[in-house]
Structure formats: structure tokens, C-alpha cells
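In the two assemblies presented below, chain A is common to both, partnered first by chain B and then by chain C.
Let's turn to the complex of A and B:
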């Protein structure tokens, strides 16, 4: 198995910059998910690793070996596609054997390898069939078998689950993760489904418009999004955002959101003052907020917002309450017994450690702004 | 009990009428005329039925040297032009598919030109190319290069016949027919999901391996289709050949195919009975060859339902 390292990799198609100066390490034996919306450059990045595309600039390493200019054949990667891309004129057996035959391996060895991988993926009884005679889930397994039979050093998965129905997707998601752990293979999995990314990944790399937004564990990306894009792309429903203006009263710095005031910490106040920030985006996750009937006497510096209930969606395990705060819709996930009446006035309380602040201009999380400023100006 | 007619049948009546009037009736009539001694449109002779025309045709095959030339020309012309049409079309379609889209469009148009050009204009170009005098394009090039010392009559010179006449026929028709296969195969290749090609590349296949193992096997049915279609149209084509013979660009017999012969017998020597018999034989040969081609290329296998559940 290998570690895959991208250094300042850029890929342009004519004037379109599909991948923009990406620095990224896919750790050895880990399951990394590339997460991003449609057209963000995920497939392009994967194809760069596979060697289908040459980068316009930058370098790609497998461990210490520079593979930037190596053809796909010399990289030993396995690739699985969203539409599986099985060869319709070959049986399942021939599909799986194809990469080995190209390598001119002896027939007995091919035969035993095909059966071994078929057993691993439980498709032994399908070997004589043609792809058109298989269900979507079965085709998916065959595609995976074809990628794994080569014993690749990297397994690349381009949205392999998105053609499956919701239930099957959940099953295969778990199976795929388990298989990867069992084989200990370096895996790069592309998806635009944030729930899939959260559930499968050791590491998530969020990408938007060809630019890397954040790399981190699912928890990091979820709880400490580096910028507004990550905060609002991940989570279902995504994080709530409200823009507020920065005010100073008697030396204390507040953000004013609607009728509410939220006091900033010393550290944040300093940054805000130094950078001359006038507006901040206050954000929080729907499940981190609570709905109460009356304002707390001592809010302990928590964020308290006044809102009108717009609609309540009961989902069984929980309810999603949509409220209007300062003219903006806000979603709060509540236990199933919390069902405020429509258009009643309620209060939303978000604990201090769950409130996220973003710079309006750069979209950067203030915490990261502090860190990135410190990094830029040492000592 | 009354037979209830499917109302959908009503909608088929116009099309069926057309087929009946312009295809079935002439076909039956043609076979029928083949069994009459019709000559010079003398319809009175249509009454008597005789197998004389077929006997005569059969006799001519072995004893009429001119008709023998026509038969040999037909076989050589059909076989070679068919090969050019199918293999050339496949090669061109493949080249276009593997080529950049920017290059492929002008290239496609270039190859479609012979088909878009009116038959007479296109044939005239070739006529001038192979013209016998010094002003013929080929002659003037070869003379200038010093390959030949005097202009040659390429399609008629007895020293060069029959091969040169055949080459001319094959070239002229080959360039027209090749674009059909090219278009069919090009679109067929494009309908194969691109990911299959990418997958094969990642698995280490070279371009030629991708062509052999991934692309060609998936256009098998298109190859069958183009082969049979071109075979049948080559057996009956005569517009270009007619003009070349008429203008004296090729030898009268070494440059004539069976289809043109039928035309000449019917409208030049006015032996309509014989012409109809020859046409009937051509249709039968075409049908047999078509079926044989389908058989060889395992057409049936492709049309069966897939086994098992989908």
C-alpha cells in the first residue's frame, strides 16, 4: 500500500480550472473521502491520481516515487465508476479477468485470483452471467472485484454508490468500509453526499470549485468547519447562518443579530478590532440549539435568539422546526415531543461552545482566521 | 362471428398501399415478365408463359464471353468495394473516435463530400482523373514524374484490362460508400460509455487492445448491419458505373456490373423479358448472399432475449 501525495496540483481544461493548486496527502491504508458539489473537480482529481489526466502543473507522488508522468498502467490503481463501466460483451468472469489478462498472467493464476476475489465479494455464482443480467448492487460488486483483482496499491472510487437505492446504499456503505479495513488498502472515495462521507471516512477532504476547502476527520469538519462553505455543505439540515454587525459598548465587543446581542471573547474581540471587521456571520448546527418558551434570566453568555415558529416537520425520531429570526429561516432539530405552535413566539438558545463565527468577507471561521494569521506572522 | 379489425391497422393503410403499389406489384410484375418473351414493349407478347429467358441467361453465363465479363466484374467489384466500405468505414470511424473533436468534424465533412456531391459531378471528377489523353490528371502526373512515356487509356486499354477498369469502379464507388460505414461506426463508438475506455486504460490496456477488446466487440451488430446493407446496395448500384461506361471511361463489358447489364438489356436492346429474368436472378442472389452473411455473422444470436433476469 502507498501514501498518495499531491503537491500544488492544477488541472486546466482550456479556460476551466477544474483543480486548483491542491496540496493533499491521502494517508497509507486510510479511507479518504473527497467531498464536494457537482462540478467541483472531484472526478478530475481522481483521474489525476489514476493517471488518466496529466496535471497542468504540480506533482503527484506515490510514497516517494514521482508518478506525475507515469501512464495509468504503471501506477497500479483500481478504479470503480458510478456507472460501473463493466464491459457488456464479457461475462462477469471475463470482466474480472480482463486486467490480469492484459498483464499476461498465466491462466491458472488468473483463474485462482478471479475466484478468490469473487469469493471475497460473494459473487461466485454470478461468474457466468453477463452484466445485463445483474442487478445494480451485483454490478457494483463486480466492478469492485475487477478493481481489486489487480491487488492495486490505491483503490479509487468515483461515486460508486450513487446509482443504488437508498437502502442498498446504506448496506454497501458499511460493507465497503469493512472491506477496506480488512484489506488495509489506501482508498480514495469521491462523493457529493455528505452523510456518506461522514459515515465512511477516516479523513474528509472538502473541495469546491477545484479548490480544497478543508481536510480533517469527520468530527473536525463537522464541528470546526474552516469556512462558511464547509459549514453549510455538511450536515442535514446544514448549519444555520445569520449575519450580524459588530458593536462596542463600554469596551465590550458584541455581535448584534436581530434583537439579540452576543458577546465575543477577549481573543475574538482582539482579532475583530485589529482587522477592523464590521460584520460577522453567526452560525450554529440545528441540533445544537434548544427551543424554550421564555428567555432565560441568566443566559451565561449563550446565544439567545427570538423567533417565530414557521413550520414543524415531525420525522419520528426527531422534529425539524423552522423559525423566522430577523427575517431569515432558521432550522432547529428538537426531540419529538417539542412541537411549538405555528407563529408562536419562542426563544432559541445555543450554548456558547457551539456558536461558530465567520468573517463575512473571506468566509473564514474566526478560529481559523486567528490561526492562519499567526501562521503567516511568526512569533 | 365477425372478425374485428385492430383499429391501428387503419393507420398502416397509407404506408402499406405505397409498399404494395411501388414495391410488391412491380416485383411480381418483374418476375412475371421474366417468364414472358416481352420485347420492344410489345405487350401482346406478354400472354404466353415460357422459361426461355432463364434458359438463355443460363446458357449465356457459360457461352457469351461478354456476359461472362459482366459476371466476373460484378463479383470482383462487389467483393472489393464491400471490403473497402466495411473495413474502411470501420477504420475511419475508429480514427475519428480516437481523434480530437476539433479535428474530427472537418474530417467527417471531407469524407461525406463524395456522398453530398451530385452523382454526375462526382463521376465527372473521376472521369477527368482517369482520362486517356495527356490532359487526364493521372496521366499528366505520371508523365511529369516520368513513370510513363505516353498517356494511357486507363479504363479501356486492352493491355491493362480488366484490372484497371475494376480499380476505377471500386475506387469511385468505394469513396461514396465508405462514409456510410464511417458515420454508423463513429456514432456506435460514441454510444459506448467513455468510462469503459478509461477503465481499460487504468487496467493497463494499450489503445490497440482497447480497440480490439472493448470497442470492436461492441459494434458487432453495426458491422453486420453495414455489411448486409452495403452488399445489397452494391449488387444493385449502377448510377456511377452507368455514367463511366457511357462516357467511355471504362470498358463496356469489363466495366459493367449485372445491375447495369439489366438496365442496358431493358432499355438499349429492348429485351424486357430477358432483363426481367436477369433482375429476378439478381434479387435471388442478393437474398441468398444476405442470409448467408447474417448467418456467418451470427445475426440471430444477437437478436435473442438475454437469459435470466435483468
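Let's turn to the complex of A and C:
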């Protein structure tokens, strides 16, 4: 097992920059998920690690070994594609044995290894079949077996679950994570499904337009998104955002959102003043908000918004209530018994510690803004 | 398998029941109105079969008459198929190289076996050259990026637009010029060169289209399969040989058939370059038809049938192969 390290890796296709100066460490034995919308460059990044693409600039290390210019076959990686890419003219057995045969391993050793990995993935009874005779889930296991049989130093997974039906995806998601923990293998998993990323990852790297947006544990990425993109990409439904203007009344700093005023803490006020921020995006997760019928008498500095109920979607376990606040749709996840009437007026309360603030110009979370300003201009 | 089949039958049963109910519910005025959705599939197929059958009948009859004539004692042209006597005499004569049943004929006997061998050499030669060139070039054009790739492909289409006859003068000029360097006294070398030149010239006519065809087959293979093999530890050449080539086998087979038939059937090139030193079936038939007044036609009919045989055989046997698509293991 190795640690994979990218240093200022850039990949251009003609004039299109697919991956832009990415610095990233995939920790040894950890499950890292590359998360991003389609076209964000996440698959390109994976193929760079695999050696299918060569970076335009930058370096890739496996531990301390520079593999930037090594062809894929000298990197010892296992790769599972979204479409599985099994060899249709070979049986399952031959598919799995293919990488071992290329290494010219003795037949008895190949045989025992193939059976071992087939047992691990419970596809032993499929060994004589051809890929076209398998279901999607079975094909996926075979692809995984083929990737694992060569005992790769890194396991690369390119959206391996997206061709499975929703129910199977949930099962395999859990199994894949369990398998990775059991083998202790360094795994890099590419997906656009944020729920999949949250559930499987030890660490999530969010990428958009070829640029790394945030790297962190699922909790960090979810609760402390570095910027607006991460906040609105992760979560289902994603975080609510409302733009407000910064105002100072009697020395205290507020954000005015619609008819509501949200007082900023001393610390944030200082930053806002220093950075000259005039507009802020107030954001919060749908499940952190509460719906109340009447305005609180003593809000204790919590964010209180007035809104009209637009629609209620009951999901059984919970309800999703859509409200219109200051002309913008806001979603709130409520317990199943909260069913306000359509177009009735209600109040949304978000606890102070759940409110996230973003700079409109850079899209950065205010907390990160301080840190990054300090990094850029060391005082 | 069993389960899915039973499920399918349940489904069709349900469909039929639903259909019945719908039929009952449908107002009578709408019954029998044919829009695209309601045309009975079976009736449509019947109609199509009838139209195609009638259109194809004259052509089909010609072939039937030719094949029957090859077994008859006279050239058949219609109702005489009932009065003719049938035997394999014509075929026996053909393989003995006699062109007439009359004893003590004045013409020299033809070495029909040699003619067939010559035809085969040309046909197989063309097949080999076409396959090697177009499988490799098709892969390169489909998978590798190089300068002038699109221009090259356009040029090839342009090349294909020229009929072989239009090119033959230049090709012949080169032929005569190069033949001058081959010693005439060495018959084997001389004849070999003629053969090789003809094969390459004929293959060159097929190659542009074959490359396009092959490119199409290579294009259909997802990059992921190739990448997967590269990651598994194969070199580019190994991937080509062990993964890609087996996947385009249907394409290669189709190509081989077309190339073989092109070589087998060719008349103009073998006539210009090989005749009369080396004869093939095409030039042989041309020759005997040329002296039609003295020729015993049922033997020519046998020769013609022999000449047609590969075409008929291939199209009957390979329909399935040509339709066979590569599938499975790769979800598009």
C-alpha cells in the first residue's frame, strides 16, 4: 500500500484545462472520494493517477517514487470503470487471470489467486461464464476482482456504482467500504453522488472546474464547507442560501436578509470590516432549521426568517417544506408531523452555531476567509 | 433464465388480456383504422415479404435457370426445364477441361484445376493484403492522433470514388515498366511477379473502403476496455493483439468476405495484367463466351455456377455473422 501524492498537477486538453494545479495527498490505506459534478475533472484526475493520462505539468508520487512519467503497467494500480470494461471475448476466469498472465506468473499460482479473489467477492460460480451472461452487479464484482487480483498498491474506482440500480447501489456501497477496510488498501473513488461520497469516504476531496474546492472528512465538508460551491453541492436537499447586505447600526454589524436582521459576532464583524465585505451570503442546512408559528420573543441571536409556505413534500421519515423567503425558495426538513398549510406565514429559526456565512465576491466561507487572508499575507 | 422466461410469458399473457379488454372498450368506428401503432405486425411482415419476393423473382429465376442448366443437356430458358435431361455430365466435363461432349474435339483441353487455383491465389492474396493493411490502418486512424488524420481519411474516400477502370492506365503503365526488370526467361519469377502485382493493384482498390469499415468497428470499442488492459499490464501492441483484435472479429470476417469476393470476381484487372498467361475463372468464362457459336453452353453454365459459388455460399453462411454484434461486458 502506498500514499499517493499530487504536486501542482495540471492537465490540459488543447486549450481546455481539465485539472488545474491540484495539490492533494491520498493517505495510505484510506478511502478517499473525489467528488464533483460531471465535467469537473475528477475522472481526469483519476486517470492521471492511473497513468492513462500524463500531466501537462506537475508531479505524481507513490510514496517517494516519482511515477509521473511511468506507463500504467509499471504503476501497479487496479482500476474499475463505470462501464466495467470487461473483456467480452473472455470468460470471467480469463478476465480475472488476464493481469496475472501478463506478469507471466505460473499457472497454478494464477489459479489459486483467481479462486481466492473470486471467493472474496462471491463470484466463484460465475467463473465459466462470459460477461454478457452476467447482471450489472455481477459484472461489477468481476471488474473489482480483476482490479484486486494483482494486489495493487492503489485501487482506483471510476464511478463504479452509477450503472447499478438504486437498491443494489446501497448494498454494494457498504460492501465496498467493508472490503477496503478489510484489505487496508489505498482507495480513490470518483463519484458525482454526494450521498455515496459521504457514506463511503474517510476523506472527501471536492473538485469543480478542475480546481480543488475542499479536502476534509465527510463531517468537515458537510458542516464546514469552505465555499458556496461545496455548501450547495453537498447535502440533499443542499444548503439554503440567501444574500444580504452588511449594515452597521450603532457600532453593531448586521446582515439584512429580507425583513430579518442577523447580528454578526464580534469576530466576524472585525473581518467584515477589515476585508471591506459589503454583501454576505447567509446559508444553513435544511435540517438545521426549525419552523415555528409565531416569531420568538427572545431569539438569543439565532437567525429568524419570515416566509410563506410554498409546498410540503411528505417523505415518510420526514417532510421537506419549501418556503419563499425574500423571494427565494428555501427548503426545510421537518419531522413528519409538521405540516404547515400552503401559503401560510411561518417563521424559520436557525441556531446561531448552524448559520454559515460566505463572502459574495469570492464565495469563501468567512471562517476560511480569515485563514486564507492570513496565509496569503503573513503578518 | 427459467424465471425470466416464465415472467415474460406471464407478461405477454397479461398483454393479451389487456388487449382484449381494450378491443372491447374501443368504439367500433376506430376498429380497423390503421395508424402506425395499430398495423398488425404479422400482416405488415407478410406484405413486405410479398413485395420483396415479387421484386426479386426475376433475378432469382435467372440464377435458378443457370444452376439448373449446369446439370441439363441444353441451356434452359423457361418451360424446357421439364423436358431437359439432367446429369452431372457437364460438371465432369468441366473438371476434365473439355468444353464439348463431342469426341475428338479440335480445341485444346483447359486445365480447369489450375484456373481455379489461380483464381483462389488472386482472391486469397487480395484478402490477405486488404486485411493486414486495413486492420492496422483502421486501428491507427481510429485510436491514434497524428497530423493530417482527417485529411488522410478524406483523401481515402476520394480515392474510393475513382473507379478501378479509371486508374488502370496508370497502374498498367507502372506494371509494364516494372515488368521490364524481371527476366523473361525465368518463367516462375515472371509469373509470380505478375500475380503479386495484380493482387496488390486489386487490393489497393478495396483498401480505402475497408479502412473506413474497420475504423468504424474499432470506434465502437470503448476506450475503457483498452485502458483497462493497459492498466492490467499489457503493452499497446499486446492490447491490440489480445483485446482489440478479438473484439473486431466480426468486422474482420466481413472484410475478409468482401475482399475475397472482390478478388474472386474481378475481371478487368486479371484480364489486363494476367491474361492470357495466367487465367482465372472470370477470364476463362469470358474466353469461352467469346466463342459462343462453338461452345457447348451447359458446360459454361457449370463454370458460371462454380464462379458464383463463393458468393452464394458466403452470403448464405455469413448473414448471421455480419449481424452479430459485439456485446456484453461493456455497458455503453
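In this section, the second predicted complex is superposed on the first by the 378 of 379 C-alpha atoms of A that agree within 3 Å, B and C clash if a C-alpha of one lies under 4 Å from a C-alpha of the other, contacts with A are read in each partner's own complex, and residues count from 1 in each chain.
Heads up, the rule we're going with is that contacts are C-beta pairs under 8 Å (C-beta built on N, C-alpha and C of every residue); 3 or more make two chains touch, one makes a residue touch a chain.
Please read all numbers here as calculations on a predicted model, not as lab measurements.
Applying the stated contact rule after C-alpha superposition, one finds that A:79 touches each of chain B and chain C.
Looking at the shared chain after the overlay, A:87 reaches both chain B and chain C.
Of the two partner chains placed by superposition, A:26 touches none, neither chain B nor chain C. A count of residues in chain A touched by chain B and by chain C gives the higher number to C.
After overlaying the two complexes on the shared chain, residue contacts for A:98 are found with chain B and with chain C alike. Contacts of A:233 after superposition on the shared chain: neither chain B nor chain C is touched. Using the contact criterion defined above for the overlaid structures, shared-chain residue A:139 touches chain C, although it does not reach chain B.
Under the contact criterion defined above, the residues of chain A that touch both chain B in one complex and chain C in the other are 47, 50-52, 72-73, 77-79, 81, 83, 85-89, 98-99, 102-103, 130, 132-133, 146, 150. Listed in rising order, the residues of chain A touching chain B in the complex are 47, 50-52, 72-73, 77-79, 81, 83, 85-89, 98-99, 102-103, 129-130, 132-133, 146, 150.
By the touch criterion given at the top, residues 222, 224-225, 227-235, 238, 243, 246-247, 249, 326-332 of chain C touch chain A in their complex. Against chain C, in their complex, chain A makes its touches with residues 47, 50-52, 71-73, 75, 77-79, 81-89, 95, 98-99, 102-103, 130-134, 136, 139, 146, 150, 163.
Only residues 193, 195-196, 198-205, 209, 213-214, 217-218, 220, 306-310 of chain B touch chain A when the two sit together in their complex.
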